[in-house]
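Structures incoming, each one as structure tokens.
Two complexes come next, and they have one chain in common, chain A, joined by chain B in the first and chain C in the second.
Our next item is the complex of A and B:
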């Protein structure tokens, strides 16, 4: 199975014949290009033109993050999985309020279900989160128009995040804050969400969907907003679970953070996070429809396939709802 | 809404092959949704294709037809390289289609399906029954291209190895 390559140091990616190499003062190593599916750069990484060509030909996305772990952007290979029919129908589905609302509310339904599932898991482990589960269950998903759906989504996160204070006492969340995160838990959530965004973008690249045409989020946003749509469904199952594992087993503690213009993970802390996050993505579960084991990462790709089937009028979209 | 019009001259051997094996795959193929990436069997197939019959000139194009290679001794022989002889019906019809198209231009040719890995070779010859069937197949392909949504999945045993399996079953 192909793995993401994470580069935490500063260095240069270059091409030697048909091989990708990474070099800096300490190392000069060969990167097995057929064994990787994406490259995430957390240090200052320069790419030589030969390396860029090779990565584009091999269809490998390169994501870069700054020293705070903020996602900066991606080197996105040219779109080779190109189906005019799919893109036209994807755009038409966005433009048709009934279709768009259906998909958007289905995404929020999935998110809601997975929030509940995650909290139930910790409830069984003795965490006092019943109150939050009830709040989530009671929150209706209004779907007359996209603004109603978006406000339901916002409310669900408002019910969900305070439960974090019950699941771990180590890093109180208080309030969800972005750019810059003001405390440790906010830093973890932001970093985890940006990892999931890039993973989702890589998986969308391997479908025929256009990453800019989204349903829940507005395509006007600067980012590849379809990745934001799909990532939302998986945040509770992938990001939250990774965070709680890291924090509750003390793999990440006070020492894993630094204060700068906000609170951020140190290099070591970030590496631990990435390792645990990748372990989560590699975890497999038996899929009831496919009757075989699939990884969490592949579940994200399947979400893309389901959307294609919906927009092609093949099968009505049902968002991923953790069944275990 | 989009209405795909496929001309008869645009029909390819691969379309005829898909028609015999899976109409849903045919529809996806016509709509440029090709799932043949990221798959080891497909990679192996490509390697077999590249590494066998190296002395022959490969990929002979003739309008909408692509022959893997051609021999021209006493008569013209069209060759189609396949990885495995397990599912031959599609490959046979691909060749029938080539032979039939050539026949319409008064070229009589013979077809061979070859399996380099199994060291096997199968002769393919046209007959009237097949010609009638091909007439129907090409009309049916044009109809399938017009459909606004893909035909339903068939779920046959051979679906499990298909690169469209996840897209069909999810």
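Our next item is the complex of A and C:
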């Protein structure tokens, strides 16, 4: 299985013998190009033009983050999976209020289901989260227009995040705040979400979908909003579960944070988070319809395939709802 | 699948094989590569290797191991650690 390459240090990435080589003062390492599916740079990394050409040909996305772990941008390879029909149909589906509302509310339904599942898992482990589960269950998803759907999405998150205080006592989350995150839990959530955003983006790259035409979020300039849509479905299952594991097993503690303009993870803390996050994505589960084992990462791509089937009027879209 | 590839190849051709395997697997020690590949990559690698070597004089052995049964012990220092976090 291909893995993402994470670069936490400063150095130069160049092409040598038809593969990649990374070098700085301490390491001098050859990276097998066919064994990686994306590159995430958290340190200051220079890419030489040979490396860029190679990455473009191998269709590998390079995501860069700044020193706070904020997503800065991607080196997006040329689009090889090109389908005019899909993009036109995707834009038409966005423009048609019925279609758009259907897809948007389906995304929110999936999100709601997965939030409930995540909390149920911890409820079985003896955490007192029943009241939050009830609140989430009772929240109706109004689907008259897109603003109603968006507001129910916001309300769902408002019911969901306070449950974090019950599941873990180490880092209380008073209020969800970002730009900049004001406490440890907010920092973890923000960093996890930006990781999931980039993972989703590289999975969308491998489908025919256009990453900027979205359904739930408003498509805007300078961002891939479809990635935000799809990432929302997986946030409770992937990001929250990773955070709880890290915090409850004390893999991340007070020492893993630093105070800057806000609270941020240190390099070591970030490394631990990335390792655990990648392990989560690698975990496989049996898919009932495909009848084989698929990883969480592949589940994200399947969402893309399902959306394509929907907009081409092949099969109605049903968002991912954790079945276990 | 997880594979270990070891080879004994005449110096005239060894560099070609080394360079080729580097694009798929991690170089562990002299003449040893290992790593995780897919079934189709395995096919590609084996066909390509056949064209690179002289089948009468060189030898390559490929071990296939299910990853859950893999037990790796290192004595001495690790020449080239297999990590995807740098």
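Everything below uses one rule, namely that the second predicted complex is superposed on the first by the 321 of 324 C-alpha atoms of A that agree within 3 Å, B and C clash if a C-alpha of one lies under 4 Å from a C-alpha of the other, contacts with A are read in each partner's own complex, and residues count from 1 in each chain.
Here, a residue touches a chain if its C-beta (ideal position, glycine included) is under 8 Å from a C-beta of that chain, and two chains touch if they have at least 3 such contacts.
Note that the coordinates shown come from a computational prediction; the quantities given were computed from them, not determined experimentally.
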Applying the touch criterion given at the start, work out whether A:85 contacts chain B, chain C, both or neither, answering first, second, both or neither.
-> first
First, second, both or neither for A:290, with chain B first and chain C second | first
After superposition on the shared chain, which partner residues are touched by A:302: those of chain B (first), chain C (second), both, or neither?
-> first
Once the structures are superposed on A, label A:265 by its partner contacts, choosing first (chain B), second (chain C), both or neither.
-> neither
Taking the superposition as given, does A:8 touch the first partner, chain B, the second, chain C, both, or neither?
-> second
Taking the superposition as given, does A:136 touch the first partner, chain B, the second, chain C, both, or neither?
-> neither
Looking at the overlay, what does A:204 touch: chain B (first), chain C (second), both, or neither?
-> neither
Of the two partner chains, chain B (first) and chain C (second), which one does A:314 touch, if any: first, second, both, or neither?
-> first
Could you pull out which chain B residues touch chain A in their complex?
-> 1-2, 4, 31-34, 37-38, 148-150, 165-167, 169-170
Would you mind writing out the residues of chain C in touch with chain A in their complex?
-> 19, 22-27, 35-38, 41, 80, 84-86
Taking the complex as given, what residues does chain A use to touch chain C?
-> 1, 3-9, 11, 17-19, 22, 27, 29-30, 32-36, 271, 274-275, 278
In their shared complex, chain B is touched by residues of chain A numbered 81-86, 88-89, 92, 206, 208, 289-290, 301-302, 305-306, 308-309, 312-314
